[in-house]
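Input: one structure, supplied below.
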């Protein structure tokens, strides 16, 4: 063991006594935050972007009606709207404050309407248009069934009052509209650089006009995105940073080395193998935050023997999730006991039974495969990534040892994998789902039989009607209970086998303050400051 | 010149191959190379016969241990034959031990400890080179990976050698329009997007049992191009040398010229490039495996082991060092062997 | 020579056309489309995107339209970077890759060539074995191992250089060194092999017989022939170097073209794949032409073929 320690201390010898100030020190003096941001965002257009990295940048440049709450993602926080009220959770009225775009135009209710119209325009082909489908007629407009936008449930009562009418009551509507898909854009700017609904309209690179706490200063592909404090922001006095530099660093090892060399204040991720080492030595810069996401296996329920719930349950009970989290993934994840991750206030689904080898064997025998005898050979599919491979290898052995079944594991390149799963040409596949907003529905709806995201081809009328009925329920408490009941069906029938809940781990310079752990990993940068 | 060679052959009735072998066996470095290489190959291929560990059996609780770490068997029930868990001394002292330091020593000395009804004893299993992150024996994985990598490396190199040398020498020797056409074809093949080609191959041969053959195909299809260019350059250069022109002028037949005069002279660069190609091919294989064409988990190859090791080198350096060492030693020995072979087959230096 | 260049450039047209055609159909045949996403897109959105990017037209129309776009340098919008075209990307990133490639090539030649020559001249001595073993290690340790190690040493431990980025001149050192060392190893081995071959040639014997100094024999006479394999290797290697290296650009966060070759393929951006492939093909054609010219210059007996 001593050798290991020696090697570890050598290889992790991270704090060289720098005689000169590091870039991070200099940046703090200038009030500039240096952030690792994963990879190059494909777009910074709030209506076109679909990546998390893009999302992080856009959140600094444009502000929606509701801003991210500094500490709790379940709560609303005033953004452009300073107050709002609703009528039975269906008709929401937002009162807008006086605010300006960076080109001097005032931010009005019409800008929001324009934004809604733009993202819903069929020609724009926005992937996130469906985020707005809770609005009356939004879906019909997006699908081209109606062309008159005034029929859609969004109305500017005057310049400073916006009214949104929903199809069904949504008590947590303020959480949904925190998403960039609900953001306004500046009409004058967008139309100066092209048509409103042209996906290649390049206003984001030509002239980025936003209304957020920061404005775009410099954007070099695969290199840096630099934003600086927006002096014309309505609340500019409370912005503590002078700027943020987002570095799209793909390699997590490089990013970690940069942090060690004092070139970053905050990393996007931590190399998985280093997390246990840092935990062991109580590295103060390591932060493991909860994240609203679940890692799971999808079972194609149309293929025998996976059409048999007993087989599915046996497979699930034979997975030692604690062992996987502790020995394989090692990022400090929590073993999953449900599909919806914890953290949504008021929602506590009945946890499923996790590891029980004896029961797993019994169930498999009941299904007609005692000791795995006669169990058809099947394949576990995953997209190429070291972590997926490690988990698949571990589960392959667990199923083999506990159930006596022999499976093949196969990896595929990402796009091939997506198409294979979409075509239903698989038996078991690895998947992950990240919630769009803090409500269990963001998970549960994907298993409805009419959902486009229903990979397991699962169909249970009882489940469907439960989820549907929750949409009509006005009382928040009851609504969550109905969803919990729906979830227990999933956890009993297991069209998917939840394995663990994601976490978001990063390394953070201890001088950075106001970076609160939030499960959505979305931040209101104006609250971040240096000590 | 040809007269001189014939005279020599008459004077020494040994065949040129025997002659080459004699010269090779005189070359000490080459013989060491050959010896090391043969040992490596036989270790890899014969390991299932004598090596006790399985390359795929995981003990998650015993993951990423350095070489020769003691394994401790944990039995919740003293009578059980199979241990319930196998753990590291560190985990033992963190979780179970009452006096961490002395308890570990006692177990190391072979004592069977009973702490609160849980029985601990030293495992008879020894992992000479440690274990990988899943607690699989690294040595066993290296042997198994070696079978794949050596196979892929040699077959793919052989394929590209064969195509490249033939193609390049024909193109260079014939010259003119044929040469131009053949070389422009090479240009075309160079430019095609390799990644897309691999993805296509993967789909075309989806579910086929001949994954490894496919790898040779993909690699061979790409790697012969540079070989062809090198051979062609060499042939063009030689074609105009005096001794070739002299041979032509004296009416020596084409195939004799190619075999007697050209072949020995291009052999040098060909062997050198082949020894460069083998490691390149082995590493390329790991890229293909990454894309899903190639070695499927839980199996490994040297390329995938090195790739995995590189990702973990900051924390578990031996996961990189050990496979990289096997890889390098093999290549070194092949290199010395290759250099010796080149010298041995060099007809002209025999006249020195 | 001018005639040779003109002929070669004339040949380039059918070559590029062939490459375009093969790539066009390969990309189309590959599974997974530009719009395949983990979060599946609604069918009507997919339909819109297909229509917008012209995937709904008959294949032959797409074939000729894309061909014309490449001839007229009027590129269509990209699917992976909305708002940009492949021209924007190539113009933006090629200078970076070119700079890195030239620096790396400089490193590779400055190290590889002398080492190879010396090793051949002092064959089977320590001056042969030591550098050649070093070169062998360079070949066995791929860039994804060397790169992070160099970064750890020079960036984290010594703190001399930035680990990633492409801002100041010192940011060029680590990637150029990593990339250059790998090629240096190749060049050293190939030079040694070629030199040994050349030193055995009759014309070297006659040079020696005429009383040329050993130095002149090695550096003037033998090098001419001995460098041939290196030069043959150099054509494609040069094109590869200046069009960027995915691994090195990823490790050191260099905003070069190399990453786009891989990214374009992985995101199935048809337009970007075609443009980068054609661009690379043009580089190959030019590099190979330059190499062929160099070969003729080194061996005056050759004629331009």
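A, B and C are the chain letters, set down in written order, and residue numbers restart from 1 in every chain.
Convention: contacts are C-beta pairs under 8 Å (C-beta built on N, C-alpha and C of every residue); 3 or more make two chains touch, one makes a residue touch a chain.
All of these numbers come straight from a predicted model, not from anything done at the bench.
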| item | value |
| --- | --- |
| Centroid comparison with chain B (C-alpha atoms), farthest chain | A |
| Between A-B and A-C, the pair joined by more C-beta contacts | A-C |
| Averaged-CA centre spacing for the pair chain C and chain B, given as whole angstrom | 24 |
| Cα-centroid distance, chain A relative to chain C, in whole angstrom | 38 |
| Rounded Å distance between chain A and chain B, as computed from the means of their C-alpha atoms | 42 |
| Two or more partner chains touched - positions in chain B | 199, 203, 313-314 |
| Contacts with two or more other chains, residues of chain C listed in rising order | 31-32, 148, 152, 266 |
| Shared interface positions of chain A, touching two or more other chains | 253, 413, 416 |
| For the chain B and chain C complex, residues of the former touching the latter | 175-176, 179-180, 183-184, 187-188, 190-193, 195-197, 199-200, 203, 225-226, 229-230, 232-234, 236-237, 240-243, 265, 268-269, 271-273, 275-276, 279-280, 283, 306-307, 310, 313-314, 320, 324, 327-328, 331-332, 335, 342, 346, 348-349 |
| Complex interface listing, chain C residues touching chain B | 11, 14-15, 18-19, 22-23, 26-27, 29-32, 132-133, 136-137, 139-142, 144-145, 148-149, 152, 186, 189-190, 192-194, 196-197, 200-203, 225, 228-229, 231-233, 235-236, 239, 261-262, 265-266, 273, 276-278, 280-281, 284-285, 288, 295, 299, 301-302, 305 |
| Parts of chain C lying in touch with chain A, wherever the complex brings them together | 31-33, 36-45, 48-49, 52, 77, 80-84, 89, 92-93, 148, 151-152, 155-159, 162-166, 249-256, 259, 266-268 |
| Contact set on chain B toward chain A in their complex | 56-58, 60-61, 63-64, 66, 69, 88-90, 133-135, 199, 202-203, 290-292, 296-298, 308, 311-317 |
| Chain A - residues contacting chain C, complex | 13-14, 16, 18, 23, 42-43, 45, 48, 50, 122-127, 129-130, 142-144, 199-202, 204-205, 220-224, 247-251, 253-254, 257-258, 260-261, 263, 413-416, 418-420, 422, 431, 452-453 |
